[in-house]
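Here chain A shows up in two complexes: once beside chain B, once beside chain C.
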Partner chain A sequence: MSNFYQRVRRAINLSASDDQRVGDGDEGGRDAVRTDGGVVSEDSRNPGSEPGVLDRLAAGIDGRLGSDFLESSIFWIPPFLLMGLFVYGAVIWNFLISLTDYQRFANAPDYSNLDFEMYTRALADSGFIDAAVNTFILLVAFTAGTLAVGLILAILIDRGIRFENSFRTIYLLPMSLSFVVTAQFWLWIYNFNNGIANRVIGVFGLGPISWLGDQNIVLWAVIFALMWQFSGYAMVVYLAGLRAIPDEHYEAAKVDGASTLKMYWRVIIPQLKGATISAAVVLMVFGMKAFDFLYSLVGGYRPPNGADILATKMVREAYANLNWAYGAAIAIVLFAMALGVIGPYLVYEFRRNNL
Partner chain B sequence: MATLELDSITKTFQDGDDEIVAVDDISMSIDDGEFLVVVGPSGCGKSTTLRMIAGLETITSGTISLGDRVINDVPSQERDIAMVFQSYALYPHMTVRQNMSFGLEESTDLPDDEISRMVSETADLLDIPSLLDRKPSDLSGGQQQRVALGRAIVRDPEVFLMDEPLSNLDAKLRAQMRTELQRLQDDLGVTTVYVTHDQTEAMTMGDRIAILDGGELQQIATPLECYHEPANQFVASFLGEPSMNFFDVTLEGDRLVGDAFEYPVGAEIRDDVGDVTDLVLGIRPESVELVEAAGGDHDFEMTVDVVEPMGDENTLYLQFDPDADSEGAATLVATTDGLTPVSSGEAVVARIPEEAIHLFDRNTGEALHNRSMEEAAQQIDLS
Partner chain C sequence: MKDDTLRTDGGTATITDRLRRNVEQMTIEDAGLYVVLLLAAGFYLVPIESGLVTSIKTGTAIVQTAPFAPPGPSGFTLAKWQAAVEALLRGMGNSMLYAVPATIISAFVGSITAYGLTIPDWKQSYKALVLALIIAGIFIPYQAVLVPLTQFWSQWAQLTDLLSFVWALGIPDDYVGIVELVVTHVAYGIPICTLLFRTYYKTMSEEMIESARLDGATLRRVYRRIVFPLSGPMFAVVLIYQFTQIWNDLLFTLVLVSTESSPAAPVVLILAGLGTSMEGQDFALRMAGAFFAALPTLAVYIFFGDEFAEGVAA
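Up next, the complex of A and B:
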């Protein structure tokens, strides 16, 4: 323990002085005479003493994980533990529960008999399959649609139009609204008898359509509402990307003979790859959280027929039907889907040295 | 290939209620195959002029024609011009090959194999075939420069427009590319408009140079004409490094009287000047001679204030009055042979030869008397 104490003291000394050793990562430099006043490190003060076990262990850790690994631990250990316990610990606990048969009013899950029964039950449950398919459709269609609308808005706004800032604010505003509020908006808009959606298509002699009642349409109605809310966000991300492209690229493409459409398609949009990827990841994560929207739309755990997604199914199974273990299993599937979205993104960013 | 004709081109920008004139009534004609360098200080309108030719800026008034076709309202896409940008503007997501074929794909109906043949021919010409499959971000500045040139050359346009294409290169590479660009333009024989702020590029590269200041064309002539027979004081000061010495003088009888000196002039020069009395005397530093002893009215005893040795030559800052503080006093800059030993504080005799002086109207800046080109050429022969 005294060794550890000395290491900490040395670390503090190190950061307090402008010692040249800071950051060079060379453990062999420990015996160096200090430049700031001739203080010599411990090994030279006790000639002949073998380095202790702790010391060697620390040196080993430092060598493998980078210098200052131990010294810096007091800074990163507390958040590391908090995150580990409350996020990843909870995930693991949830996974354990999903392996039990915990349901109804049992006092506690029984961990003595773990199996994958809940997962096989899910695969046999047509409600689960429907919810999974709906979740997938929602993720893909919502993300693709929002990106497309956001891109078009961003390009239009980037053409140097008047009142650019006002437009930007107007399009971004829906995102600042809570799902609860926007769900109420769209409930009114989609109202069968006097909602504005049916009024508008009525002008063209169409409808009325039961937007939220028809199970072939309701999912797309929800996707459209979510697109309305988030295309402003995609626009802002794309706008930042467009601003980073120098004017000369537009001009060079024009002089090269490209029409405006070709210029965007071949020169500008390919350069927005980074913006597309980061916006897509955020949008997919929002798409998975569409639970709030559906919950607010109907004021309960049972979304309109045809719009059930994994998130609503999970909560309904757990809290309405008290199938705790089954709900936990659905949660793990949802978690795996989220990892499937974020994992490749993290790898991509890591490869580009952005992490 | 065609003649590019600019006729009274004017460009104004609206800034609130103010109207800013960027280009003011410029007319010039660039012959087929000619290399015209447009030069001037920043903000003089040279880039705006180039961008109007490219179709990237609208023209407020005047006409631009290419051959017999007025191209004022022709969009850039259909002008058959190629432009090299200062930043190169290579498309970062495309390989060099794709960058170079992009223009051909967009502006012509040529089949793919024909395009790829033209791209590799151009790459050979520029000595960059090994770079064809790399991305612009993997290239050095000089290589990017070549690719940008290649992208313009492969199009085989009627006019090349170049906007300070060498200014992002280091000095050595710039000198090398300068020569190479000239050779390429000679070989290709494409009408070229080249914008730069660098007077070395202007002097060495162009068949003619057009000097702009404040949106107005000051002079358009061959480099040597502009150097030896500047149309006005701006042109005289803009070309040459170190730049020409100027002294405010008034003509009194047969003498030019300045603050620090008097300078007698002959009848021929007085005829050129006419009845203007407020003048500016100009003398190029390399025309000032150091002599052993004062032997005439054009010799002045001076003190060396500062010596800047450049190796091949020394730049001397001479003062008429040794006691004056060096800030405000009239200083004559002279360049002398780098091997002549001169040191600060030394007294020397400087001769300002009468045949080398320029006289400008102090109010209009217009040149009233220039040294003649023949005399200048003779002097070069003698030395």
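Up next, the complex of A and C:
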């Protein structure tokens, strides 16, 4: 390691030397700082001349925000602006559009007449209410179920088994697949006549059930399929959390005579709070993206009756019915739901200095 | 239990020896554990396996055999694969056309963003604020930006006109959708790529960078000479994660390219409508198509499974 460190040092020294026009290394560094900042006037490079206004401004900013602020800004400001424009700019724009009456084939919304008509329309639309309830059920049931399955798998795998890597690879495999692909698989599994699902419950003398045709069942069938796809993810997160718990905690619980079940419930699971929170947030985000799955299931904008969620309804209203403003309003509701989940999470991480 | 197994496995024991000892030590509890794990593995594999066997069955074999059983010699056919490849091949090319550049650019941009927000020395609380704003971007439901995105690309950024010299070369102007997809995926990929690199750069040796800075290296040089060369492992993780995400995404392709009949239609878009007709669904064709479309991500997963796991866990 120290050998490598020496090599790096030498490499830097070598290449830094041709940069040094004035004074020692430190001086050269300061010179380069100014040129990188891009706010330097030409004459300030000559030693001895008066520092320009911009120079003093730069020094002031750096003094306030930290010595590298200006020099580092070239690295993060352009991407930050691009991303800010596409994320925050677009969300604000979307909110503006949701206040207009923009629909059909007009090229651009008319921003002169803004009101909340689209939101009152949403509240009066039973399809919207159903979709909102379904979204809520899907998010809660999918997240809770996936976390539970992932935790159980992680605990089983963490018991020092053989072929751990193979099991882990298999459990995580569905996550590498696209929603479009897994939707095809589940469409086949839920097939009424030949699907595996009906064969399995047939063994117990049940069914056959029309999994995707029955309004009361289809949402749960979708949730089950999503759990299949993402419980491997929850397992990976929990596994990392379990590995971070020191062995002594297990031993101490054993010495105290706690049963295995009690040990996990009282000692281990409480320590997985951090893993649970971050996995839950990510899973909810995946849940909100279930649009791809539902779209591919039917190959169109209209998901099976009883499985309409806000994500599918928004895209359908905007891109199939061309009710752009109404779609934008639904999107804002969806965004608010997402914010309700991730806002507290980000504040929590920010407070813990985890960012 | 874990320790016991480890201790008795002397380094000199032959494999059969070891195996026998393991079997002897296997308690009922252990056996139960493995049974549960194997059942779970079956649960994760059956949908995929059933899709695979279905894709090589003839129409009659699909009805006559169990969905998870392989077809007999008379029920075996590769016709559906042939049809699927024919239908999806151009889509594969189109997907590659935007997934590869978008992946590489967003990984690189994420790397320099994370570098600028981690290594240089400026106020931690401001850094954290910028980071919070960036990280929040990971969790945005994309529905909230779709209508403006459509407006932006169709009304504001007149790419079709700007790139008229490209269409003059005989490339159909539908391919403007591919360019839009690259920019869009890069913009929305910045948050996750930044976060992944950020977790990596936080653990980087500070003294090495500090001494380089004292020796007068600029931030740009520190990045080029130290940070970038050391980012290799994280680049692997990010490239794999981003490629999978971009390849698998349907929503943006649906909005920006819109029709599966377009010459620029990506593979996911064609697949979503494959095998559906008035007479009902052609499941064998759908399964074959699903596998064919998943080949690149499956290959990436099989060869770089560890990096993938690391990417999703971060």
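The rule is simple: the second predicted complex is superposed on the first by the 280 of 355 C-alpha atoms of A that agree within 3 Å, B and C clash if a C-alpha of one lies under 4 Å from a C-alpha of the other, contacts with A are read in each partner's own complex, and residues count from 1 in each chain.
Here is the rule we go by: a residue touches a chain if its C-beta (ideal position, glycine included) is under 8 Å from a C-beta of that chain, and two chains touch if they have at least 3 such contacts.
In this text, all values refer to a predicted model and were calculated from it rather than measured experimentally.
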Contacts of A:A320 with chain B and chain C, given as first, second, both or neither: neither
First, second, both or neither for A:R266, with chain B first and chain C second: first
Which of chain B and chain C A:E251 touches, first, second, both or neither: first
Touched partner set for A:I201, first chain B, second chain C, both or neither: neither
First, second, both or neither for A:F75, with chain B first and chain C second: second
Contacts of A:I170 with chain B and chain C, given as first, second, both or neither: second
Which superposed partner A:L57 touches (first chain B, second chain C, both, neither): neither
Residue contacts with chain A in the superposition, chain B compared against chain C: C
Residues on chain A lying within both footprints (that of chain B and that of chain C): none
For the chain A and chain B complex, residues of the former touching the latter: 246, 248-249, 251-259, 262, 266-267, 270-271, 273
Residues of chain A touching chain C in the complex: 5, 8-9, 11-13, 15-16, 19-20, 24-29, 32-33, 36, 62, 65-69, 71-77, 79-80, 82-91, 93-94, 97, 107-109, 153, 156-157, 159-162, 167-189, 191, 193-196, 199, 228, 232-233, 236-237, 240, 281, 285, 288-289, 291-292, 295-296, 299-300, 310-311, 314-315, 318-319, 324, 327-328, 330-332, 334-335, 337-338, 341-342, 346, 349-350, 353, 355
Of chain C, residues touching chain A in the complex: 1-2, 5-6, 22, 33-34, 36-37, 40-41, 43-48, 50-51, 54, 62-63, 66-68, 109-110, 112-113, 115-117, 119-123, 126, 128, 130-152, 154-155, 184, 186-188, 190-191, 194, 205, 208, 211-223, 225-226, 244, 247-251, 254-255, 258, 268, 271-274, 276, 281, 283, 286-287, 289-291, 293-294, 297-298, 300-301, 305, 308-309, 312-313
Touching residues (chain side chain B, partner chain A) in the complex: 54-56, 75-79, 81-83, 85-89, 91-94, 102-103, 106-108, 151, 155, 161
